[in-house]
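Once you scroll down, you'll see the structures, which are given as structure tokens.
First chain A sits with chain B, and in the next complex the same chain sits with chain C.
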Partner chain A sequence: MGTRTEVLVIGGGSTGCGVVRDLARRGVDTTLVEKGTLTNGTTGRMHGLLHSGGRYAVSDQASARECIEENRVLRDIAGHCVEETGGLFVKRPEDDEEYFQEKLQGCRDCDIPAEVLTGAEAREREPYLAKDVEKAIAVPDAAVDPFRLCVANAVDAENHGARVETHAEVTDLLVEGGEIVGAEVTHESGKGPREHGTPGEVEEIYADHVVNAAGAWAGRIGDHADLDVAVRPSKGVMTVMNTRQVDTVVNRCRPKGDADIIVPHETACILGTTDEEVGDPEDYPEEEWEVDLVIDTLSELVPILQEARTLRSFWGVRPLYEPPGTGTQDPTDITRDYFTLDHEERDAVPGMTSIVGGKLTTYRMMAESITDHVCEKLGVSATCDTADAPLPGSERPGDLEAAMERFGLRSPVARRSAQRLGSRTEDVLASCDPNPVVCSCEGVTRAEVRDAIDDSGTDLNAVRIRTRASMGNCQGGRCAHRMAAELHPEHDEATARAALDELWAERWKGQRHALWGEQLSQAMLNRAIHGATMNRDNDPARTDDAVDWDAFDGGRSDAGEGEVGEEGIHGD
Partner chain B sequence: MAIEDDVLVVGGGVAGMTAALAAADEGASVRLVTKKQSTLRHASGLVDVLGYAPDGKLLADPFDALTDLPADHPYALVGAEAIRAGLERFDAVAGELYRGGHTEKNALLPTHGGTVKPTARYPASAAAGLASDDRDALLVGFETLTDFDAPLAAEHLEAAGVPFDARGATVSFPGEPRADAKVTRYAHALDEDADGERGRLAARVARVHDGEPRVGFPAVLGQEHPADVRAALEADLDADVFEVPMGPPSLPGIRLEYAFRAALDDAGVHTVRRPVVDYETDGEGRLSAAVVERNGQHIPHYADSFVLATGGLVGKGLDSDREAVREPVFDCHVPQPEDRYDWFRDEAFGEQPYARFGVDVGDDLRPRDEDGRIEFENLRAAGSVIGGYDFATECSGTGVSLATGDAAGAAAGADTQ
Partner chain C sequence: MSDAESPSDDFEPIEVFPDEETPDLRPGADDCYKCSTCDTNCPVAEVDDDFPGPKFQGPEQWRLKRKEDASVDDSISKCSNCMRCDSACPSDVGLSQMHNTARAEYVEEELSKTSLTYWRNRILANYRTSAFLASKVPRIANFAMNFGPARWAMEKTLGVTSEREFPEFATETFREWWERQGGADGSRERAREARERRGEDVDADKRVAYFHGCYANYNTPEVAKSLVRVFEHFGYELVVPEQRCSGTPMFANGMLDDAERHAEVNVSSMGDLIEQGYDAIASCTSCSMALRQEYPELFDIDGIEDVAENTWEALEYLRVQEDLSGELAGAEVEDEHLASLAYHAPCHARNQGLDGQALELFDDLAGVDAEDVGDSCSGISGTYGWKEEKYETSMKIGEEMFDHMEDAEGEVGMTECPTCAMQMEHGTGYEIRHPLEVVAAALT
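Moving on to the complex of A and B:
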């Protein structure tokens, strides 16, 4: 016996989360399944740029217009996920003047506010810009937190009756009489929020229609029904710096190229990126040269990056797609536009639509168009309201200041909390008294960590992306075990330990690519705290060898049982 | 007048302070130059000698596994007697502050993560917490101190199979510290006892105490007067009280640093808190001076013999960039894979090449260049600036610092006679 839903959405990235929200708000009974945490694939592995459209103003003006439109929408409906940094397209002496003018004209053609700054004016805004930067175009780029954005979409969907299952992998498509009627889903640890140690189960979910929004993995989903969805995954590296060397998004003003953007993000800056086609979205080399390339090239724009501390690097894969027969060789030439593949029309296999391509900035618009398509198939006439309805957390922007007043947290901590939580600040912070800081690098309090645990179970990586805990300078060295401790006593010791190990492995994975200078020192300190002080690497609780307790020092013989004040020294 | 001593020690951690004391014991005039706070405050305050053999076996006696160590391990270079000499010096410095000197066996101590770890010397304040002791224990944590979750730690100890019942409870600390208070704030409150914090804390613990003969707290029981704080709690609770070592900043580490500083004062060692920025040689393979920066001026500090005890990656005795790892003070050779992607392995724990980085020394502790030649005739290295061992995994950090510090300092002092 399976379960039933009207629409099954596969993929918990921005597209899937946008679609499930839109469908749910139109009254469609919808289930979303994601094989990892939300944003696990491409969405959580981007630099967090909310495009003004400036980037596409020369090469793809249709996309540029969509970007500026959605940029305005998201500032409106998702204010707690967006930081209004502004952006600069910066020209160095060796960059082409003609292209600079084309960029400026392109922005104006696309209704993107654009202002030309002299080199001196640009350096006034961003003092670390290279002295030989000649001029710049200021545009309304912004930084967006893709984690918060997706979670808010998913929460809104749930509030409208949708079911959202993470750690639920599609292991087969259900095909009956040549029609796709649902999917077989393998839950890593049972249904609902993830619980370490809970046995997995397989569920057949039947649906009137399936939306394949698995991004770079969409081809894998298609394979289950012998459908050819020719996604061309392309990898790109992003390197996280420990502070904000710039407070504005800085783009290199040239036609295209690797390593041409710096995005300030919360306490950090993210450098991006490269563009290399890969065969497998999960198994590709993460290479030293890519990290070196972004640092060296972007240092031409912001020279102090050469000496700055990097925290980690991560790679994402773009779900690039181009219609059959286009034959583009270079992945940087493949369009960033999205495609709706109705498999009934395309392959005579009814029951599923795949979405490929696209970009985060326009996720809501994409979701609207896909939802229109699905609603038409289902005969649902409700209209889309997602451009006007604020996301959970962004309903009452004024709450931030009030909450800071009310919770006697020191102001930087309170400010950070309130910025992350938006209009949920009051509810979350009031839930925990006292409310100590768990992650001091990012100023994350116990209340936020527990709120995230309520939401996502024992999955500390899901807690991390909701709160930013363990994402600062120490990369979890000082706080990963504190985060795990918040799982207890609701979850037992073995569960908390397994969750800690998993978070620790994830934090190490990205730090490997930043092991020099300060971060190599930090890695050794983390190893000392967790390996030596806590002895987690040789923990007797995890090794099978029984300890012969009597073979060890039993204490000084004159420290008799129950004797008080054993050493008798008072005052040092 | 030029600054001139018999021995100049660079580095103010356990290795440097031990070397300075050993050199002074030889009758040498000694100066110690240190850049900033030592990494003692990052460490647990436990004095590890060797907790695990190279095959990963837990060691009840660290001396059992010395012959199994690789030939370039600092212990293999200096030998068992140097380890014993280092420990003897430590015991003289720490006095009643530390325990464990009555036996060569390792002790097993509960940590703030709830696991147990092997160590050779432990603060007296932690002594009642020994995991091989079969008396039941109550662990107490503070609501606002997120580094130590006592109920979770107690469950963890039981999972490790300790021979006693462990139970954890969380209480609020008297005075309700701010949500992001530093751990030293708790220690100062208990030191000063201005509002009767010791008694108020004991009263709160008494409400959850079920007669367990020993009660463990996070290691914040006083910075200046830890024995008084503990004695007050013991009297009120009618139980032995112990501290559970924690991560940085570590009160036991800070207390130990004070004990060493007092010993340095007694031995007449001059301590200078400034960075070494350069060095001078006599042109014939000997160092003549370490150049110290003072208010922007470069002041040569001359000596006959030098000890490099600047620490490893944590203490910044080793520096690195994307190209290479370096020893920045005397520019000694640091063996390393050429490609930085060979500095690490993909697993977080386990074998990690970076954890063994350091200068290459012979059994005389003189750093060697890449061709195996002595860098400077009158320079010896001590502590974690030396490569070839992984203190975190093998639990050997302070032991190596003591053994090599004592040996390097004694040799440097003897050279100047």
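Moving on to the complex of A and C:
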């Protein structure tokens, strides 16, 4: 009872989504499986920087050139996922002048537009920069929304006939006669969009070729066929600040180091990062010193960070890879380049290619090269068009402004929606009337939430990454339950409740690392609302007893006249 | 790092942007944890379901904004600037500062400078200019401003409601009267006599600079005269320096440039006197609020902090400096008119912590019975209730106060705020007095 596809892509991060889009556009019948939501692994746990290449202009000029090229491509094809913030490499008095000059020269060598600003000019752009910042190099860094980007790739792939399955974990590789012929996939809740409470099933997916794009988990996939894919996962912390202290990407201009970047991302700023090799991509310590380090160190560049409110911290693992025998000790020295491991050539096991390493900025270029490789194997001659074809949402850049004018929403809310939805704005916002704001921290309306539910089922974390609902300063305190309520009436109460619990647990996870100052007050308020007012910490609905609905009265019979109905309101 | 201890008070958004016209208030959104207490205390939100409330207008809007964004939501003009959200907030979010700044940005970027609304607002906000002109010919002005056909035309063209009666202009302004009394020199003499009578050091350093505001000058000089009499009774020498509008109606209409021009004059003249050892006092609670809180929040003017720190509401000043309640406890008011008063605390008095003071003071004063009519907002909020499109909202907000006034014993109302007084009179037909008039009746 297996299913067939030409290519099976494992992993729903930027690489996997890029590959499935490229293959589908070339007419190849493709299926993508991801064990969580899209971007569940490394991609959803990055700081959202679209590199100009400036970061690699000294250490790795080949990467720098790729970055600037892809940076330009993504501004074109994914305008609604990219915010053109610009970036600065700032130099403090204690940072090395020689390195500053090397960086500048490096940018020029790699064709990265670079302009030197005095300290005063830099502060004019970013008033919260430290007063003693001496000078800066301005480069075309930008902010990219990895969630929106991956979803857009997946949607485009589906529009071209691909099948995308989330919450579908590869539990084994199918090997026949020494050849990989597919994978055994365990669906968490059946095929199609996730539905809480639906029983799972196991599916064998046969493919002409398998692409292992599982990132830090690529080694685990390889293990199923006794292939050695030596990914070295390296963790890094990212701390989310409540507001945008800077509107430009701020990098520290010094050789590699921890805690040297601030990325403005939507309504927040993300501080990063650390670099520590870990043994297991899913189980590693999330340590408070890492959070302290990024805040303390980056406060040297932007002092206001020291007293700003921290929303949460999250950790990601980089899927670093080095060819066997390199023997690098320090993970920061491992190249960020990507590698295509054709297991037929490498291990004499045909049927699968693994992709490791790489970075989000060049995901499309990587996808193109992998797709070329796979197409050659399959004998497909179609060429790649992903550098020119806009992603869904970015087809008509002019639509954004027009749509913003049209909807009777509060202006900043309408603008936020339009920026998220791009050319889909009209279709989505017009689908719902009335269209109240569901998440006020991020200005997300019911229309967007419902649109996301249509796409991803009862998975509220998938709704979250599509809309940003619950990602603001109350971290879901005032909207998680409203999001769950939007699942009704298509889904029943128990399903909505399970979905809410899952979202709530995920929101809580990152807040544990921000429990001081205002965010502690916030957590207490959230606890008061959810634990006490909604009685979610001692909920009769989940104890053994059924809810005694008869204990409630019928409410007002005619709210319009403000009269109490015959049932009455007891003990007002 | 841990910021469990409260962050330092050094951060001041205006200092960060010395050359920028509008400060970046996004970082202030950090303090808001969305408890919504501000929304539940907002009188406009209570009666208007379409108004998104102070939480959205302030921290949410600022957080959603990017630096280059110009589009402030137009609902900002529905905020009446009562500033109740400020005192409601448990985490000291600078809500009214955010609102004032957003409103200014809205007016600057989105309101057409050729629109009637803009000019209507500008004329209303610059009440001082109209009052100055009207005061030259008070009788004609009183007739013309309330002349039916003219008012009809004003409503139709400018959107100034014809429901309200314009306040009367006094036939003699306070400043004219003050000059007639001999100005500062006359006051010095009278103060010395009072100090002698009171057995105090005749050369005592008791000097105050009076910020009378526009309304006490042009419309209700009896309030200002009462203040002079009361302060001179306690042996204070008064000066009445050059002054312009405090800016309150301009803040509320997003006309920050106008307000800053006036503020510069006020800060300069009050600042000079404060440097010489004077304290600044005001009889209008919105004026003292502007000098104390709104100026330093919105403007970067030399000496502004000094002025803010040394400005007092008149009775508040006497309560601190003198034994005002002691003297009142031994006094009696014979005026039948003041025997029973329905008192409304203006929102701006509330924000300065002064809402209980008049009632407390008159508790032991024989012949006066003052009753609190509750903690609702009067709803007029300066120029707000004068706008045709806001009139109804303004009256809906005021309804609770009208009911309570009518329920109260007295048929005379009392409040510190001139526009609250207008609304109280408009809603109930009662005559309205200022607490300083009662104190003057008791002591002089």
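Methods note: the second predicted complex is superposed on the first by the 544 of 572 C-alpha atoms of A that agree within 3 Å, B and C clash if a C-alpha of one lies under 4 Å from a C-alpha of the other, contacts with A are read in each partner's own complex, and residues count from 1 in each chain.
Keep in mind that, in the parts below, contacts are C-beta pairs under 8 Å (C-beta built on N, C-alpha and C of every residue); 3 or more make two chains touch, one makes a residue touch a chain.
Given the structure is predicted, the values throughout are model-derived calculations rather than measurements.
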Exercise. Classify the contacts of A:R446 with the two partner chains as first (chain B alone), second (chain C alone), both, or neither.
Key: first
Practice problem: Could you tell me if A:Q245 is touching chain B, chain C, both of them or neither one (first, second, both, neither)? | Solution: second
Quiz item: Between chain B (first) and chain C (second), which does A:V413 come into contact with in this model arrangement: first, second, both, or neither?
Solution: both
Practice problem: Would you sort A:R478 into first (chain B), second (chain C), both or neither based on which partner it touches? | Solution: both
Exercise. Kindly classify A:A308 by the partners it touches after superposition: chain B alone (first), chain C alone (second), both, or neither?
Key: second
Exercise. Return the chain, chain B or chain C, that is in touch with more residues of chain A.
Key: B
Quiz item: Does the superposition put A:G517 against chain B (first), chain C (second), both, or neither?
Solution: both
Quiz item: Looking at the overlay, does A:D292 come into contact with chain B only (first), chain C only (second), both, or neither?
Solution: both
Quiz item: Of the two partner chains, chain B (first) and chain C (second), which one does A:H488 touch, if any: first, second, both, or neither?
Solution: first
Quiz item: Which partner does A:P436 contact after superposing on A: first (chain B), second (chain C), both, neither?
Solution: first
Quiz item: Taking the two structures together, which residues of chain A meet both chain B and chain C?
Solution: 292, 295, 410, 413, 440, 443, 478, 516-517, 520-521, 525
Self-check item: Complex interface listing, chain C residues touching chain A
Solution: 1-4, 7-8, 11, 16-17, 20, 24, 26-27, 29-35, 52, 55-56, 60-61, 63-69, 71-75, 91
Exercise. Can you check the complex and tell me which residues of chain B touch chain A?
Key: 42-44, 46, 48, 51-52, 56, 58, 60, 96-97, 99-100, 102-103, 105-108, 111-118, 124, 127-128, 130-133, 135, 143-147, 149, 151-152, 155-156, 158-163, 172, 176, 178-180, 213, 224-228, 230-231, 234-235, 238-240, 245-248, 255, 258, 312-314, 316, 319-322, 325, 339-341, 343-344, 346-350, 352, 354-355, 391-393, 395, 397
Quiz prompt | Interface residues, chain A side, partner chain B - complex | solution = 288, 292, 295, 408-410, 413, 434-438, 440, 443, 445-446, 478-479, 481-482, 485, 488-489, 492-494, 496-497, 504-505, 507-509, 512, 515-517, 520-521, 523-525, 527-541, 545-557, 559, 561-567, 569-572
Quiz item: What residues of chain A sit close enough to touch chain C in their complex?
Solution: 127-128, 242-245, 247, 267, 291-292, 295-296, 304, 306-309, 410-413, 415-416, 440-443, 472-474, 477-478, 516-518, 520-522, 525
